[in-house]
């Protein structure tokens, strides 16, 4: 939001980064999804966490930090804004906040409209439970492939009697037939568990689980090669949990796990997805109350920018 | 900014406070000043500080904290939004950021347009230097009276060869003929000085300087009685420097002075201005990098809400 | 928890404050409620908040800060530990965390057992929603009187379709017949509202609402005199919301309101309840993720100690 | 420390506050005590604390914050620098850091030299144990009177077998014959105790103990009147423990006690000592690791400036 | 500590991580060492530091963070709790806190009892000086080997006249005949020194010193191979100083050194010790006052969990 | 600054690190440049930043953190203090703070005097704009080579009408003929740009730009080999922007860019410059208001120590 028309050459991107009302990436606010090709969307919800809360504040602080993002990627020299119309679609309204089934439905319905408008959604959470209804909306026609970068497999069944905790979205998505476990790869997994149920489910269903030790050993390039083989040329979604990063790089999160990805690995993993048929993506679990100097929000904003570039590339290459 | 039409009864004020893109007080963003009666405006500028910087980040963080504000005042039961159309006019564009004279001109020109549209401006700084160009724009027809709540008189002449430091705006405004020093009262002044120049200028020009000790001794009610006599029934402006508060209540500021106002005193002082012919107001010197848990931004937002109520009251009573 | 038998004269209270595993006030952990007269209980629950979360971490950090508490009160010279057996009963188990009605039931059942054992409960929250089930357990025989120190009346009806938000407990308690609104006084209320529903309900039901301005004007002694008249000599409960304090004294809370109580007022208000027939009390809404240097947790621990002293006094005077 | 000769009119006080190497109050570093009338001295020692450490970092951070101090007092218009030669004598060297008796001796010897040079010392701690050796050095000829502003009486006997804890200095000083308990007043005392030994000792020896409740009730003016009667016209020392302030105003300290002095009270208490025969003073217990935005260090620096003004006034009036 | 029997399947490990009173790893508190095979022990002592204090608060905050630990290791799939009885033995009582020789004796005596009960101790400090008395207790029968991961060799002789500083424990242990320098390897050493005494002592005595540059160059696997050769099959102890990590991963420590280990290296180094005859271990120098978002405490807790796994493995393999 | 003569063997380096007034590296303050071979100089200026301010506080906090530095380098065993006379020359006085051209002139003139005295300057900023006037002073006789470690090329032309922003110094220096672009290498460059102008200028002028991805791919040794070839044996300057480090290692900076150097890479890059004919160096963009636990200041101090070692080595090898 800005009234800088005239100033800064009429381009809000050129205003100093601390000026104006922060939309995601300083893109225009869009009331109508059909005004954009890629829609940046916030889901300020964290009632599904099992430990520290705060991810409800994620969309706002990532918007704030995202004004530090710019246009031309320094490696690929891609400018996603020249490939696609990009706008901020605001936050998903959640008027049934205390009813977890209704929240799932509200999110799903919002994304059904976004998808119906032909928009590629790029979402900022919120806790990881939100990816389940997004997948439900995007995977209706056919189950999607999934590139899942995270410290946890998020394939638990129940947690204290709920099926919608942030530890369960990918199990729910498989059950709902919107996620193809055999076209799923989970990268960066680590940390002890009280039960091996989650690991087992992932592996039994045919998900490829790459623990952090394997990534360290084999390197990003090899894992990316395997990722491309697993995903193939059919539609896929990419979900980036900020707790995949080591806590030093992302202290502001609810379930930090020591010994995680470096930023350079995270960027390499996302950049390496270029060429896949990506239909959407998200960055989740940024919890600002545990952040300092906004470094986690900046990490989230930067990873969202990286996702934006590959989504723009995927979309524009399909359009050709 | 929000797309909650339909949800929350169609009223963005009723969405949970952490949702949606934060405009000031969750009011609609207004491209055109003529859409509003009272315009909330940010001036993200702090190049004029003499000590710690950071007030450039003030408008954004006060917008953030202001989503915790609501509509009906608990004492007066006034709802300013039922009295006036209120909107967020965004930030003043500052394309000549490194030329302090040009910044003064850019701010002045912006407020001339706001004033020409008949809008009462309520501003969030930025450092205190920004009040000078605002007064220049609003005081053209006749010099304004001033209620000035602050730790410092801000009536220095020069600081390191600049005439536009945040320690000088009220001297500049008197010199420019837009501020009537005899209709000026400064409340909460304290702290040692290296030269008594600033105190002397204020007193020689006939400004009423109320040091914190006098306020403590006599109480807000008496000082307000005197304020009303000094201001009279002609137009006046009110400027609230967050450093008037004790640093415990407002750590996020550039020149904290131990031994300041309490929140209850600050609220009483602003509420007591009801009935004056107020043509505008501001809250300045919120410096988020020195804040914690956003308490200074919340103080700024709350004081802005208090100002909004008396500005709405002043404007609506004149309209009757 | 400690193994200091032998050291420190065998008295864990005399160990340096940073040593040992922190139970509330360094009291012994008690598996069996019947081992104590006054039971300190944590309720780590914040799913009912309407804004910033984090109070789920309150019991742990208040336990931590409470090791700075000592035994003999400096004003009354009362040592509550010489009047009563005091112990830490641990946290209420909440195995149905995501079902708000079940949480209400689980808390209520826990306190029914505590009450059945003849124990006076002193609770640390958790958000304010937890007071409703506690009142349900304690007010079965007759509706209780209530001394309620808070920034908010917490008498809303619904919030986003839930009846159990932290803004509703005292309306629910009146409806359940466990709270006598005519023997209820709410002190420190302030802050704008989007609807006057909450204020109206309180006043229509006959609750005495003391806004902060009235407290400032009349002083604690007068308000306490009125409190004693309202409560009379029948059983009453006291609930202290940490957001009654100004945010400078208690930044770590979910819904801070500028312009609140000072610590000295808060202490005076609680100490002034001595002599009432108090059957329990709580300190709620300490949210550690927004705290700094643990000052909010220390405020919570100190107010809990003040409550402990008057509860011990009430209990021991009845025993005589 | 600065090389600004020529710039800023040759006056380091006029450089921006963040420039140059911070000595106390931006005064010149003095190798030789005889170059000054009032010597500002750091004692970076905290091995005697009973709870949270960190006061060893106090002198450095108070020096840092003290560059925000200026020259002319806004109430008295006294400029201490025009009355006395003021300099920074550096930190007391403590080469036997781990031997508490030797530390006492080293500090005492340092202050004996300072006193022998005719210098009035103004000290920044360090924990409160350091006041004992200072009193030993200054009270040799006759026992001194004492104005002691603090949350605690610091009159314990032993703590875990040491006689030199920060809870004991004034008992040790009475025993050493350098402090006159009957000319001692302790103001701001509060907080529960595990034993009433400390309170008893103070009262039995004839010290006047003003608990915070009495101060609140009677006000600073009455207490100051009594203070002047107690101290009389013989030499006295003034010691200001930063934990006398409420934790909101001074979170950075080792033993915070809820419900303390306000800054305005603290300033009034020190300013009211003008006219006494003060031979030295100190500000202790600033613990930077628990501070935020340096507000505790600023509080310490401001109180040190207030002390400097009355010490300069006392010294110059005697010189007349 | 918890009263969740019945809830969470009767298993406190399954309660949400923020619930209940935090013992180390959520294990049962054990009054009697003979109830456990591996005893988790806190030593809240930091009087021996040469720079920033605060490690006295380490055991409490590591207990707090350790509730985020779970049972089954994600690499080895070892569950240490199924191999051994593990409990929290509380903190070592230190009633002679201000007498460093007595502290050494008190710690040694405590561990002698632990050892006599056949318990393998896993300790959380506290500064590194505490490892000397632990080694004295464990190395009585024969000098132990040592795997020492740290930024510093801690082989100084004296520091300001004390022989018990946290820079000296391994020199003292060699002198006491409880540490075999030729079976000692120090990994991660770095940072300038004012004297090369410490490096020389280590090397002259035959300790193997692996500077961080050598580790970077050669990698963990090679260093581990050498470690196993140095230690051989006789008993050894492992000590992990949190400052071995780079300050970004462990800001909360007293003597941070830029350019340190990554978490992945630290984990690899500890995991690689599996198979050695380990008789105990510790994690030291976590200083919470300098931490943020508890990431250092989490690092400490995670490394303690890693140590727990190899100690359990060592103990159970010996039992077979 | 210290008065420890006699104590600590008369060597201020041996005092505990938190004692005494912090000069850079605890070196003596030098009024007269001719007293030193290498002069440590602060430039507390940040008016030229384009985003977050605060680097004006850099020199003071780096001085503070630099007291943790010691003398003998652990890899090279070089003690720079035995090679050269090193002192703290204080801060550059900036009496025309609000006139950016005058600031450039004042800095240049200061360094001309330093250079005229034959001193090698090692500077702590301040924002990166300060390197331009330093190069002007040092590159008068012949254009210098440059080793530039940074996230940004800083080769923009104008920013909001100023030619002196912190994004422009190296373009200005080339234009002024004091920097040889063909003997310039920029290492660590990354982050999106709104225009490719800066990258293009660098490359068109013949500067060697090593993006972070190339550094990651090829490693420091190869890049250093190329650096030595580019610089050759003629005079060169080295400038280290703290934002070259990843934000986790250096959160306290104005324009953080995710995905940066590790400390070990940064140290390797600087150490690898040994043997070049280095005539000066700087560490810039440390912004303390965004730091935590002083880790960025410590990073800055450590990198300054590394630079000191190679400057001392360069200077002493030339002297031979």
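As written, the chain order gives the labels A, B, C, D, E and F, with residue 1 at the start of each chain.
In the analysis below, a contact is a pair of C-beta atoms (placed from the backbone, for glycine too) under 8 Å apart; a residue touches a chain by one contact, two chains touch by 3 or more.
Because the structure is a prediction, the values reported are computed rather than measured.
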Set of chains whose contacts include both chain F and chain A: B, E
Touch-network distance, chain A to chain D, counted in steps: 2
Rigid-body rotation angle, chain E and chain D, from Cα fit (steps of 5°): 180
Interface residue overlap between copies chain C and chain D, same or different (over half shared): different
Which listed pair, D-F, B-D or D-E, duplicates the contacts of A-F in over half of its pairs: B-D
Whole-Å gap between the CA centroids of chain C and chain E: 40
For chain C, residues contacting two or more additional chains: 16, 18, 52, 56-57, 94-95, 97, 160, 246, 248, 290, 292
Touch-based graph of the chains, sorted into line, ring, star, complete or other: other
Those chain pairs that satisfy the touch definition: A-B, A-C, A-E, A-F, B-C, B-D, B-F, C-D, C-E, D-E, D-F, E-F
Chain F-touching residues of chain D, taken from the complex the two chains share: 1-4, 6-8, 15-16, 18-23, 29, 31, 44, 56-57, 60, 63-64, 88-91, 93-95, 97
Complex contacts: residues of chain F adjacent to chain A: 50-52, 160, 189-196, 199, 211-213, 216, 246-248, 251-252, 255-256, 258-260, 290-292
Chain E residues touching chain A - in the complex, by the definition given at the top: 13-14, 16-18, 68-75, 77, 246, 248-249, 262-264, 266-267, 292-293, 295, 298-299, 302-303, 305
Chain E-facing residues of chain D, complex: 46-48, 52-54, 56-57, 94-100, 160-162, 164-165, 289-290
